[in-house]
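Here come two complexes built around subunit A, the first alongside subunit B, the second alongside subunit C.
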Partner chain A sequence: MIPDVSQDNGLATYNFAYLDEQTKRMIRRAILKAIAIPGYQVPFASREMPMPYGWGTGGVQVTAAILGPDDVLKVIDQGADDTTNAVSIRAFFQKVANVAVTTRTVDATIIQTRHRIPEEKLSAGQVLVYQVPIPEPLRFLEPRETETRKMHALEEYGLMHVKLYEDIARNGHIATTYAYPVKVHRRYVMDPSPTPKFDNPKMHMSPALQLFGAGREKRIYAVPPFTDVVSLDFEDHPFAIQHFDKPCALCGADHVYLDEVILDDKGGRMFVCSDTDYCEDRRAHGHAGEMLAKEAAE
Partner chain B sequence: MNLEAEALTGGFAQPVFNAQDIFRMVMDGMARPGTLKQVAVDIDPPAPLGRAAGALALTLCDQDTPVWLSAGIARSAVPGWLAFHTGAPQTREKAEARFAFGEVGLALSSFGLFATGSQEYPDRSATLVLEISNLETGSPLTLTGPGIAGSTVVRPQGLPESFLRLWAENRTLFPRGIDVVLAAGSDFLCLPRTTKITVKEN
Partner chain C sequence: MTDAPLLRVHNVSKFYGSRIGCRDVSFDLWPGEVLAVVGESGSGKSTLLNCLSTRLLPTTGSIEYHMRDGKYRDLYRMSEAERRFLMRTDWGFVHQNPADGLRMTVSAGANVGERLMAVGGRHYGNIRSTATDWLGRVEIGADRIDDQPRAFSGGMRQRLQIARNLVTGPRLVFMDEPTGGLDVSVQARLLDLVRNLVNDLGLSAIIVTHDLAVARLLSHRMMVMKDGLVIEQGLTDRVLDDPRQPYTQLLVSSILQV
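Take a look at the complex of A and B:
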């Protein structure tokens, strides 16, 4: 449905979703090429946004370019719907696009995320938009853009394997725990943005389209649905995700990514789901973790 | 209607929302190659440009994207229509074109003259919008590749004879290559360069 765009108050307003139409076309063309070349970073003319770099200007521009009046938007920051970054971006799109928002993963058509993939399995109708600080996985190994570009062109990823090997030589295991490099469609090595490596397996053969926007670095890249995403590893040191000793203290969920919360200055701590929506949903369905059960008993 | 009048009418009634609607279809089409999409937005590009091809042009082309038109389209009212509605410059050099539009029955001897990008910048490549007779009654072709769970079958009718050979060559260039949109009237489907096409055996 097309909303009524007549201006009855006589005041000019922003274009729908803040960006002007030419900017949207430029971003849209970049997104299409990004999808056609999975894992390849497409340069784009990133705009100044009304928020500082590092607050997700890349993700916001991608979302603004794809967002329509029928979409339902969810924004998460480290898994949580209620942190500053998530709240302000959600409010931004409510203001400039008057779009419906939700915190429930299953109801959202577009999920903009900072550093997590929801625990709930995504479906085919959903688009996951990542905010990316540094899109180049080789940047800390080779600072020159001219060189890293050539390395991607020649599929020369030896340096990345050396880095993982040095991890093993120093620590006995691959000590990279977030922004763990992946190979997409057996061709490009890609930075999954600083998500914990716990989330890497969720990117593999995901039914949802995944788009990545880096505003300061001016890059857009994508992983189409049902695409091979393999975490780099060695035969004798296979890739493994983090494991937690205890389930979530609030909802009792196993096999989810947990955040540590310090409770007092005497060493008290709890581990809770980083995905707040998933945790709340489980509690609403009667699941109770250790802390919650204790509270109920008192 | 004379050529000038034809050029001025038949664009998007609601440019912002119509373009967003069409783009989401193209984005989903590229992300899920072979999915049949139908343009419901009421636009009326001059013949021989179909509604789907016209909608794609209105959505994606502007002053930054040189457009190449096949001879049949270049002779029609389409150049004026594109110029008026999108402002896209038109070029006769295939290598300069970001978007290329071909009419039904276009004899295609090679993709080679279209920009395929460089090994460093494979995104600097052309998107070819090819009009064919229809997308439903041709002999079945099997598609596999990113965006497709397992495999999917499409039935385009009236592909240029050389298409499958050219497409196989195009795939060997990866990550370079062109991307193709097959359009027929209001319908279209996308073939990004990663998609593998094989003739379906019964």
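Take a look at the complex of A and C:
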């Protein structure tokens, strides 16, 4: 039980973590239900938040509901701690909850994320909160909510493979690279939000709790720790994650997800870790990629 | 033909409030038999078809289907999951407007393959070769397999819809005005195709139509409906050549002779 926090100095102030206690209670109930039924989308009474839809209102509400005064919060957007969205959400919780914040994955107890799962292996006790734009994996093939709910209830997931079939028919391989559908606990098909499929294997049997909040669509779902998460595929076109030709240009890390950075208008580019904290940590420990080595030589 | 009917319909009625959709319809459908339901607009033939195909809950009556395990099951006593499973494996439904029965935004191959994937097909190569085979059987070129139905003509769409329904080897197909909206030469080709498929596969079919020519060409038996009631039923040739009810006589005599 998270204790209520009073910051009574005689002035009217925000309730701890912005939301009022009844709202947090409602969201916590939805979260508990979501954890009890892995992958099932639980409807909840999403509130207006002081930021536009699409900026992570779902994730912010989930974070607000689970945040306690002793928590350490990390917020990432596209793997980076220093982008607008990440900075403003972090500042928001510093202001309304006065919690400690960090950019270091290992120190954080709650990590709110928009696109990535950190490269650093998560541990038990950590909670990963995803901001989800469209929670329904079947949505683009079946526009009717009544019908998609029925399909989930009756476990009719043939349609999901129609999408993958289309990919192969058009591109020769499964071209879905993000929001790649997964089956959770051998039951519900779930959209892992717009994370690259590179991160899908990290969801499988993760020791951390994973919570998904969609503010506009008013849905919460969850993957409890140590849950089976399998990416859908065909027998003759098995699931495979992205591979990069070169290691990170700054820290030389292999087997991580890289972002392309354009350097000039003459076609110069480099590929660097999308997880900024991981990259900095490696550089601090003396790892240097191609780009850094070149600079050092000059 | 075996000695047990595939579908046993007993006293099916559907009321929309005080108005009658269809009333006290009873018949047996035998394996391999094609039954045509004819009548004017508003005579209740579509209501009846929807009741039979579990798309509309009838007010009274019972509809029993001869399952593959040899037992009769009342359609409306099954669970919804069983009904939907039956609909996408053992049954087919061909809509008048192909856009209602097809997924217009996915390719022809995926349209045909959807039912295979729905029953657990997880091998892309096998699904694709089955789809190619079925497109050939409904006279759609293999080079069109990756085109969306939006790029197809009306007749091709209708043939694609038929392939999509028949791919799982159903035993019973419902057709709602399958030739409506097609021009006469395309109609003729489609009818020819349906007749051959029904013969080859030994399908049973219930075809709703207002076109007596369709009934004559495809069906073994027909029912004439008026104001929600079945007023006459019998072998197709008998009903068309020797109509007994005044309304049927009117219907038959109003066919244009060219």
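The rule is short, and it goes like this: the second predicted complex is superposed on the first by the 289 of 298 C-alpha atoms of A that agree within 3 Å, B and C clash if a C-alpha of one lies under 4 Å from a C-alpha of the other, contacts with A are read in each partner's own complex, and residues count from 1 in each chain.
Definition applied: a contact is a pair of C-beta atoms (placed from the backbone, for glycine too) under 8 Å apart; a residue touches a chain by one contact, two chains touch by 3 or more.
Just so we're clear, the structure is a prediction, and the values are computed from it rather than from any experiment.
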Report for A:Leu141: first if it touches subunit B alone, second if subunit C alone, otherwise both or neither. second
Just to be sure I read the superposition right, which of the two partners does A:Met291 touch: subunit B = first, subunit C = second, or both, or neither? neither
With both complexes superposed on chain A, which partner does A:Pro224 reach: first (subunit B), second (subunit C), both or neither? first
Which partner chains sit in contact with A:Glu235 here, subunit B, subunit C, both or neither? Use first/second/both/neither. second
First (subunit B), second (subunit C), both or neither: which does A:Ile110 touch? neither
Which partner does A:Ile168 reach: the first (subunit B), the second (subunit C), both, or neither? second
Have a look at where A:Val75 lands relative to subunit B and subunit C in the superposition and call it first, second, both or neither. neither
When both partners are placed on the shared chain, which of subunit B and subunit C touches more of subunit A: B
Which holds for A:Leu67: it touches subunit B only (first), subunit C only (second), both, or neither? first
Doubly contacted subunit A residues - partners subunit C and subunit B: 150, 154
Note: in the complex, subunit B contacts subunit A through residues 14-17, 19-21, 23-24, 26-28, 30-32, 59-65, 98, 118-123, 125, 127, 146-149, 174-175, 179, 192-194
Show me the residue ranges of subunit A that touch subunit C in the complex, using the header's touch definition. 141, 150, 154, 156, 158-159, 161-163, 165-166, 168-170, 234-237
In the complex, subunit A residues that touch subunit B: 2-3, 5, 15-16, 21-22, 24-26, 28-38, 40, 42-43, 65-69, 149-150, 152-154, 185, 187-188, 205, 207, 209, 222, 224-228
Interface residues, subunit C side, partner subunit A - complex: 80-81, 84, 103, 105-107, 109-110, 113-115, 117-119, 121-125, 127-128, 145-146
